[in-house]
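Note that subunit A is present in both complexes that follow, paired respectively with subunit B and with subunit C.
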Partner chain A sequence: MRTVTVPGLARGLGFTALFAAFPFVFTESWVVNIGIFTVMYAALATAWNVLGGFSGYLSLGNAAFFGMGAYGEAILFQHISIGSGYRPFWVLPLIGLGVAVAVLPVAWVAVRTRAATFAIVTISMLFIAQQLAFNLHSLTNGAQGLVMPLPPFPNTTFERPFYLAMVAVLALSVLLSWYVATGRLGLMLFAIRDDEDRARGLGVHTTYAKLFAVAISAGLTAMAGGVWAYYIGFIYPQFAVDPLVTIGAVLMAFLGGRGTIWGPTLGALILVPAQQYLAFSEGASELYLVAYAAIFLGVMLLMPRGILPSIADLVAARRSSNGAHRADGPRAEMPEAVT
Partner chain B sequence: MHLVVQAIILGLLTGGVYALMASGLTLAFGVMRVINVAQGAMIVAGAYVSYTLFTDFHIDPFVSIVLMAPAAFAVGVLLQLVFLRPLRSDEREELSLLVTWAIALGIEGVLSVIYTTTYRATLPGYVNDSLTVAGYRIAVVRLVAFGISGVILLLLYLVLHRTRLGRSIRATVQNPTAARLLGVDAERVSAYGFGLSVATATAAGAVFGMVEPFNPGSHYDLISRLLTIVVLGGLGSLTGAVLAALVMGVSEAVLAATISPTWSSLVFFVILIGVLVVRPQGLMGATERGRL
Partner chain C sequence: MSAVLEVDRLTKRFGGVAAVDGCSLAVAEGTVTALIGPNGSGKTTLFNLITGYLRADSGAVAFAGKRVRRPEPTALCRRGLTRTFQQARVFGSLTLVQNMVAAVQQPRRSAFRQAVSRGDRERAVGLLEEFGLARLAGARADQLSFGQRKLLEFATVLMGRPRLVLLDEPTSGVNPVMVETMERHIRELRGRGLTLLVVEHSMPTVMRLCDPVIVLDHGSKIAEGPPAAVQHDPAVLDAYLGT
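Let's turn to the complex of A and B:
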């Protein structure tokens, strides 16, 4: 069922090229800065979607993986001194793999629970991670946080390497999402989402499927965290393991359409610039929280299924009324949204 | 040994307050499958209102509970009508987490605008008084807080078991469809149930404001504890929540006294993970089946 079609390939490469070209067209550093956060959240939301969207297991602890990635990068800097420049980008896959493996034991306990209990257990994981960042003083330097050496990039294009690294993480996230959604693992996850007991009865190895999804989600999230830590240059516990990071990613996935491949990216493209604009124009971070809450409530109440599934419904309704059926590249293979 | 007993006393007193905080959370889940992540923010809001009533109007925090509870009940009913009722029932459990998280952010934002993020504490004249019983020191405020929590929990129990509304609530918890068939107005029961839950939150807030300093961001710490308490106790079980709250209070206080205060708050999570390995449904919860 996984076929690489020419339009599909063109679309993937086209989007990647478009994203990658952005900092060469808009060179002002504040614009690229917003770009970095937009692409980062797109990657985070896509990573969240692999577990939360495909299997229906609502994870609210992804900020813990993000923090683990960020600390992983910073600790490598501090203790093993991997140097600066471009080298920290090359260790990212290692950090992603490391975090993906490291979370498995806790994830094994977490996926034994279901629905709301699972969501709550993941929230606890988030706070455990934050507490550990405070307490493991020799490793994380506690509340003082860790500082990374300034990268030797020229001032005028300082943001560009970070931006491109984020685009790479996003591309990997979307590619993996597509690979999962169109393969055996995806079928298992969708079966779990629809009815886990029945899926298990039919012989789906549910624990294995869920753990695989957690590992992919965690690894990708950690890689984004690593790039973020290098870009910010300074991390401390509340900042690196921030519940707002989870909430942002989940909100974007919901807005764009959870369970779809491009939905989370679309959600990030809409929300992050809006959010940055709000933070900029309102100044005070407190009003920004209120505005954020209002947007969130609006999305949840008015469009709980997200933009892409709603559009897909409209298109499907129009097509069936015309009686015309036409395959449309990978979009036709896009997994159905949660019904 | 003296240290350990002292810690157990402190832990039980603290656990009682957490039991009150968690009761509303588990009630809201039992009645309408809503996880109220805003419970922590509502507790903090209760703490601020009682702080203002005390510093500006000289109303004792314990008295302010009586004033705040009816208003909080009304706010709860309103929130349920506007934000929770529209959610589709088959995904209410999960969507409610996100909706109430947004409500929590909203409350945090409003509180930060009004009160700024400086830490506050409600400090009535008797806040530092303490009793000495058999060589153990007991802070009066904590003892009274424990007592008040006990009284409110008892009232809640009486409402649930002796009134018509309580019977409807329990019927809805056990079997929503059957309750509706027997003439229970599920929507109204849900609204009142949520109202009760918010009322207990603000009452707990008034108490909380006297035993701990708080700021608008305090709700994250509170809600992470409360959620673990209700999951440990078993979602929807009031007895389970009270039991889990006491377990948490005692284990944390004992570890803080004997090993290290910085690590004590993690112990509870360790207990949670341990219990979930053996019983994924928590101490007193029912197994969840079928669709997620």
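Let's turn to the complex of A and C:
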């Protein structure tokens, strides 16, 4: 069994409780709306990190998984009643599992490539998925899109169930992320990130590890897509399979610290509210995009490996200067340092 | 002694250049066999072909009596054939213990088990101790010196309990003390029954450690035999000195 440390457990439970309490403290709709997108991006960035952060395979196609989840949810509830409004949330694990399995054949081809080629293959995958959404009229209703049934939630707390569903997806993402990072699979992925050829020569099943990571990443991303579809209500190809969704998630993971457990969440907590606030304060001038980029560049200049690894480096440097060197102790970039 | 590795007329061309040209050789079980030759004679390419990092144009490789139809590094390692690289390659962001444990042969279903089990850790630390690296067990591998990385790379391949290890220039770029350490380990491992095929440029090391010695030139074997005999072989002298 894995060792669950008391600080680690406290951190996990504490963050989950804080996130869950948010809509009960801040009840205004627009605030909870920002909360939903912040938590959604935290989940997306954490899901991306399982592949892109742990194995170093920079996937730019995760929005395709997001769209698959969104369309999966929307198509399903064209035929099934949403009941009291909570049924679409209960099917999310099935949607995640379905997408995780469905992407494996394509992923098997994609993971045969590396580095920039992999990034290009995955972004091509994204645009193929978008084109399919535009053209498979009988399934997706093409450019007209799909409409999700309106849930019968009270107006005053309408956002709350969506928010809590997103928190559940985030909690699952962080938990799975931790479970992968502290297991053999994590070790295999880190070895692949550092030197894949060497890992192959040491008997590591690299293809198997990468496929596992893709499946986990895709499944979690699809679940977030499912909640998003239900919340937004109108599903169009250009928004359901949007490259900006992937780019946002990647930026957040880089900012917080890719390859760490909490880094992507931290990145989302900084970037999404900043983006929303700047969009609000700068209005239609779109200057907010410049300010948004400036925040990102500023942090990356000061902390090129992301916030959490930089902090971990500082702590490690301080510890080693004090002469403390535990055998097999935490290292700067490994997730143990931040779990 | 039976051959643990047999290479039969292996050929690899890069454009018009034959890096390995119809090369045949056999490595007997329990020996430390040297593979030497001038720069560009095809030693590392041959290693890459044997271990599946490169696909041969023609020829065959047999390991432990069975022909390897499609050499692939992971599968070969799991059968007991592994290697080190000319430039020491370690997993820089992992600790030394994690580097070692990454090389433990595990079944696929173990993917969700704990990364470093108690048994694996004990074995890893034991091996690190043999190589004088135990005090650095918790340090990141990218903090090691080049010589220490060479030692770590060597120790790591042993975690998989191999039958044959291909060492690519184990003593190049390391200080004399480290060379002596490396030689001692190779001798000890031979004593425990491990077979080693060693590419090495340092002739004193080859003379002290290896028997037999195989000499390559222009991708083909030009001589094979005990070190003393090979040293005076006219073909070898010609290849090295160009006389």
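Points worth noting:
We adopt the following convention: the second predicted complex is superposed on the first by the 297 of 339 C-alpha atoms of A that agree within 3 Å, B and C clash if a C-alpha of one lies under 4 Å from a C-alpha of the other, contacts with A are read in each partner's own complex, and residues count from 1 in each chain.
Operating definition for what follows: contacts are C-beta pairs under 8 Å (C-beta built on N, C-alpha and C of every residue); 3 or more make two chains touch, one makes a residue touch a chain.
Since the model is a prediction, treat every value here as computed from it, not as a measurement.
Within the superposed three-chain model, A:R200 lies in touch with subunit C and out of touch with subunit B [touch as defined at top]. In the superposition on chain A, the chain among subunit B and subunit C reaching more residues of subunit A is B.
Contact with subunit C, but none with subunit B, is seen for A:A209 once the two complexes are overlaid on the shared chain.
Touch criterion met: A:A119 reaches subunit B, while subunit C stays clear of it. In the superposed pair of complexes, A:M223 makes contact with neither subunit B nor subunit C. Judged by the touch definition given at the top, the superposed model places A:M68 against neither subunit B nor subunit C.
In the overlay built on the shared chain, the residue A:G183 is in contact with subunit C alone; subunit B does not reach it. Contact with subunit B, but none with subunit C, is seen for A:P304 once the two complexes are overlaid on the shared chain. With the contact threshold set out at the top, residues 193-195, 197 of subunit A are in contact with subunit B in one structure and with subunit C in the other.
The touching residues of subunit C, when paired with subunit A in their complex, are 51, 53, 72-74, 77-78, 82-83, 85, 89-95, 97-98, 101-103, 105-106, 108, 110-116, 121, 125, 137-140, 156-157, 159-160. Those residues of subunit B lying in contact with subunit A across their complex are 29, 33, 35, 83, 86-88, 91, 93-95, 97-99, 101-103, 105-106, 108-110, 112-113, 220-221, 223-224, 227-228, 230-231, 235, 262-263, 265-266, 269, 272-273, 276-277, 280-282, 285, 288-292.
Within the complex, the subunit A residues that touch subunit B are 56-58, 60, 106, 109-110, 112-117, 119-121, 123-124, 126-128, 131-132, 134-135, 192-197, 243, 247, 250-251, 254, 284-290, 292-294, 296-297, 300-301, 304, 338. Within the complex, the subunit A residues that touch subunit C are 1-2, 179-180, 182-188, 190-191, 193-195, 197-206, 208-209, 212, 259, 325-329, 331-334.
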